[in-house]
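Comments concern the structure below.
Note that the chains take the letters A, B, C, D, E and F in the order they are written out, and that residue 1 is the start of every chain.
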Amino acid sequence: MSLWEYANPRKFIATTDVVLPWFWAGTIACLVVGLIWGFFFTPDDFRQGSTVKIIYLHVPSALMAINAWLMMLVASLIWLIRRHHVSALAAKAAAPVGIAMTLIALLTGAIWGAPIWGKPWAWDPRLTSFLWLFLFYIGYIVLWQALDDMDTAADMTSILCLVGSVFALLSRYAFLFWNSGLHQEASLSLDKETNIADVFYYPLLLCIAGFVLLFITLVLVRTRMEIRARRMKALIARERMV
Amino acid sequence: MIAILTRDLRLAIRSGGGFGLSLMFFLIVVVLTPFAVGPEPQILSPIAGGILWLGAMLACLLSLDRIFALDYEDGSLDLLATAPIPMEGIVTVKALAHWLTTGLPLTLAAPAFGLLLDLPFSAFGLLTLSLALGTPALSMIGTFGAALTVGIKRGGLLLSLLVLPLYVPTLIFGAEVVRRGIEGLSIAPALMMLAGITAGSIALIPFAAAAAIRVGLR
Amino acid sequence: MQMVLRVSNLTCMRGGIPILANVSFDLHPGQILMLRGPNGIGKTTLLRTLAGLQPLHAGDIQGAEDQIAYAGHSDGLKSTLTVQENLLFWARIYGTSGIQAGLDAFDLMDLQDRKAHDLSAGQKRRLGLARLLVTHRPIWMLDEPTVSLDTNSVAQFATAVRAHCASGGSAIMATHIDLGLEAETVDLTPFKALAPIDDAFDEAFL
Amino acid sequence: MMPDLGRYATEVISAYVVSIVIILAIVALTLWQARKTKARLEEVEKRSVRRG
Amino acid sequence: MIAILTRDLRLAIRSGGGFGLSLMFFLIVVVLTPFAVGPEPQILSPIAGGILWLGAMLACLLSLDRIFALDYEDGSLDLLATAPIPMEGIVTVKALAHWLTTGLPLTLAAPAFGLLLDLPFSAFGLLTLSLALGTPALSMIGTFGAALTVGIKRGGLLLSLLVLPLYVPTLIFGAEVVRRGIEGLSIAPALMMLAGITAGSIALIPFAAAAAIRVGLR
Amino acid sequence: MQMVLRVSNLTCMRGGIPILANVSFDLHPGQILMLRGPNGIGKTTLLRTLAGLQPLHAGDIQGAEDQIAYAGHSDGLKSTLTVQENLLFWARIYGTSGIQAGLDAFDLMDLQDRKAHDLSAGQKRRLGLARLLVTHRPIWMLDEPTVSLDTNSVAQFATAVRAHCASGGSAIMATHIDLGLEAETVDLTPFKALAPIDDAFDEAFL
């Protein structure tokens, strides 16, 4: 029995029916425990004061914003090569979750930056990359919506995702070239992993796990939704033909 | 292939302007900028190179949606798709025609516009060089965006949305060449990147764009 | 010179659902095939699939590669180019020379230097049909070719098709009108796709 | 109960509030859309079964 | 009349985005500016107001060519012209629909974009006020330009060319309000002029635009 | 209810030159008029002039004001709106209510919620014709109305025209096809404008 069998929509729905409750439970457990731990039971940083608590939201969401993109890239490739509908729909399902993560990373970063850098926004390469990512997610989602035919939309968005990934790397390099940036300097005490004390580290790990689980859960739910929407569209179309 | 090129150029000229129009748009952006930000040279001078690059990009952008839209609407694209010419070739030629009617005139005219915006004299050569290297990438990437949105009515704005993030690296390196040139810093890396982006887009994007068109015609 | 076009068990899709199923026919050199059927049965869809503009869902098409000249609902004319320029463009695309045959067959000599924009509906259509002659392709696929043509032009068209077939070409046409051509007729009504047939990989969608 | 957040209280709390609001929003949106789609699909399926 | 308005809004939304897209374009111009001129706040801050006005204008401009073009191409405009509604009314409603999908969202979102460009805090209110007063004129004038180019294929660039000079006064006074506000000068005259331009275009342009359309349909 | 449409000595222009000259006819309530003539004679030009879409060069049109529902070569459909939305829009423009009559007459009930983009050529045309019923205007001006319609739909169309005329309306149609309607025919060939006729101020330009 190969992995590809899960590319069958029925099989996919049946399987996720079983595992989804566990994912929900894991997500809620990790997030609640991690965030409460981080917010209430960690000490302040000696330089940044209590703002360091934002890290439990900022870093996990930043990680997931990028990982969502990678997942969409892989799913798009699978669609283009093997043409499994579930794969294309999973890519579609991941985009809104990814954009939410990007938004959290940007907003928490901005809130963090206000006291530390003295202003909410600076044209730092890392921040700019995320703004770029945000724009790209929007273009991707709008392109999905602008095309009526599902297969056409899947093809177009997959091509966009592939080409966009190449340009994402290019842009990242371009931003570094263009502006040396604030992000690194301002966070010296945290940026080197060796400097992250265990008191910060464990709740952070838990939060990262929580965000990963949250992402997976939401993508599964949304993929199921897209599958159903796709089937509904097919049924309605068929109905009309008779 | 040459047939498509000559036809596109002829169409561009017939429908009032062709080469002239993108130039005009460029001129207008350049003229409006002092109205918007104020006419003082100490404000204009440092941003001149950037504004010129921005204007070139926008002039490019404004003309993108017509690369395929007209051919799609009147059915020519269907017919071209069944003609004995690879779609990759069609896409490349279309991008070339677009560059000839926008990028090339902009590049040639840029020094004159630099004058209007108080661009430091030392930067004129660099501006032309960077535009010459960079605008082919703009046309090529734009053609890809136009191919993605072929068949979407009112796709103009969506097209800009898709294409602009892809324009970012070209814009950064292009403007950087001019800025670093003015400040006397080394410009070789930025120039190399610009050339690399252009070469890469010309080599790879035709395949992506051709695939997109085939999908869009269904 | 031309191979037989062989269509077997073709299923065509539009908007993601099968419209026609199990269409099979052969088209021999010299033959004319008329596709008939009520509005919306799928004639346009079938022709576009044969011309390679749409992917096929199932079945097989043989002998279509680089053989087909397609003429759809719209004529693909550039309204700012003249009649001559429009035709010359297509001649160059297909690597053929001489647009004279096309101009003669559809009586376009007098209009040669008129812009396509300034033609009447019927004149435009004649120009669209003249393009077929310019392509020198053996199989013509025509989607309602005689729309807006007057009786005279319809006769010209019939003559052109007959000449094409006499010289070894063939033609498939979708039309609602009787053109007085000696042709075989395929009625598409029985091929209408009805129910989900296949139990394929992505069955849930069908 | 409440930890002492010092002079950055507004920032930290607003970061948590904003993030939690966005998380809840995307979760709610997802669940709502999923439920709506499921209900509509069931309706369509019932209809098509009835019609045969 | 309301039928036309709701239809246009619905069409804008159906074809992917509607309100969102012009906003996106605005955002992108704002984002690209630092890439072009450099990220230093001391460069950005003084030009922020002007760039925001320029961006609003360009976002407006990009969506103009679709005001009548689509209706012309599919024959709706012919049919509307024979319908029992005065052409002046149609033109006004079209301009209104355009403003609702571009000018209004831009006005509401401008402060957020001001943040990105280091606009001085004191100027946020004035920016919104000047955009609220000025963007209706942009839509109205743009509709006139679109009416003039109705029936011209590939009219996009020509349209920009015709309209941009007409936009200059609005742009000057709009940007002037923001600049004077920052410098603490009196803003009343510029505001008055802006309001005057808007009132004047709303009162007079429908007639000119309606006449242009009737000619264009021939 | 409807006045007589009276056309006297009309000269129509296209592209700056007169195409038809001295056309005169009356159209009474209940009457159907067929415009005939070869491609390019000027049928479309005449209809557009009558509908007020083109200025007339000479002559006089009486009784056309706000009486005419025009249907040209293109249907004026928005491809992203559904059939129902398209029709409702025109109903609201003409201040009429109820699109049911239109849907019924052209058998569009089943397609109501389909986007115009997803219709076949004939289905689109039917929708374009249904618009006429929605306008409640007495004079229909139709330019090749049966293009891409199958025989069944042509019959529906004939029925609709007959019903319209029976209730006091009238219709002018340009067509190359015999529709089996009891109609008067005007052949436009004799009205072809030959040379600049008038000795007006701008004669040098004509």
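Note that a contact is a pair of C-beta atoms (placed from the backbone, for glycine too) under 8 Å apart; a residue touches a chain by one contact, two chains touch by 3 or more.
The model shown is predicted, which means the values in this text are computed figures rather than measured ones.
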Ask   = Which chains lie in contact with each of chain A and chain F?
value = C, E
Message = Moving step by step between touching chains, how few steps can get you from chain B to chain D?
response = 2
Remark   = Hopping only between chains that touch, the fewest steps from chain D to chain E number 2
Request  = Average the CA atoms of each chain to get its centre, and name the chain whose centre is farthest from that of chain C.
outcome  = D
Task = Using mean Cα positions as chain centres, tell me which chain lies farthest from chain B.
result = F
Task = Could you tell me which pair, A-B or A-D, is linked by more C-beta pairs in contact?
result = A-D
Ask   = Since chain B and chain E are copies that touch, is their contact same (over half of the numbers shared) or different (under half)?
value = same
Remark   = The distance between the C-alpha centres of chain A and chain C, rounded to whole Å, is 48
Chain D-chain F separation of Cα centroids, rounded to whole Å = 54
Distance from the mean Cα position of chain C to that of chain B, given in whole angstrom = 37
Note = Where chain E touches two or more other chains at once, the residues are 11, 15-17, 21, 24, 28, 35, 70, 73, 153
Sequence positions of chain C contacting 2 or more other chains = 15, 73, 79-80
Inquiry  = Using the touch definition from the top, which residues of chain A touch two or more other chains?
reply    = 135, 138, 142-143, 146, 148-149, 151, 178, 231, 238, 242
Ask   = Can you list the chain A residues touching chain C in their complex?
value = 7-10, 13, 84-85, 148-151, 227, 230-231, 233-234, 237-238, 241-242
Message = Going by the contact rule set out above, which residues of chain B touch chain A in the complex?
response = 144, 148-149, 152, 155, 158, 161-162, 164-166, 168-169, 172-173, 176, 189-190, 193, 197, 205, 208, 211-212, 215-216, 218
Inquiry  = Could you list, by residue number, the parts of chain F that touch chain C in their complex?
reply    = 14-15, 37-40, 42, 44, 73, 118-123, 126, 144, 147-153, 176-177
Note = The residues of chain F that touch chain E in their complex are 51-55, 66, 68-70, 72-81, 85, 89-90, 92-95, 131
Inquiry  = Considering only the defined contacts, which chain B positions touch chain E in the complex?
reply    = 11-12, 15-17, 21-22, 24-25, 28-29, 32-33, 35-38, 43, 46-47, 49-51, 53-54, 57-58, 61-63, 65-66, 70, 73, 152-158, 160-161, 164-165, 167-168, 171-172, 175, 179
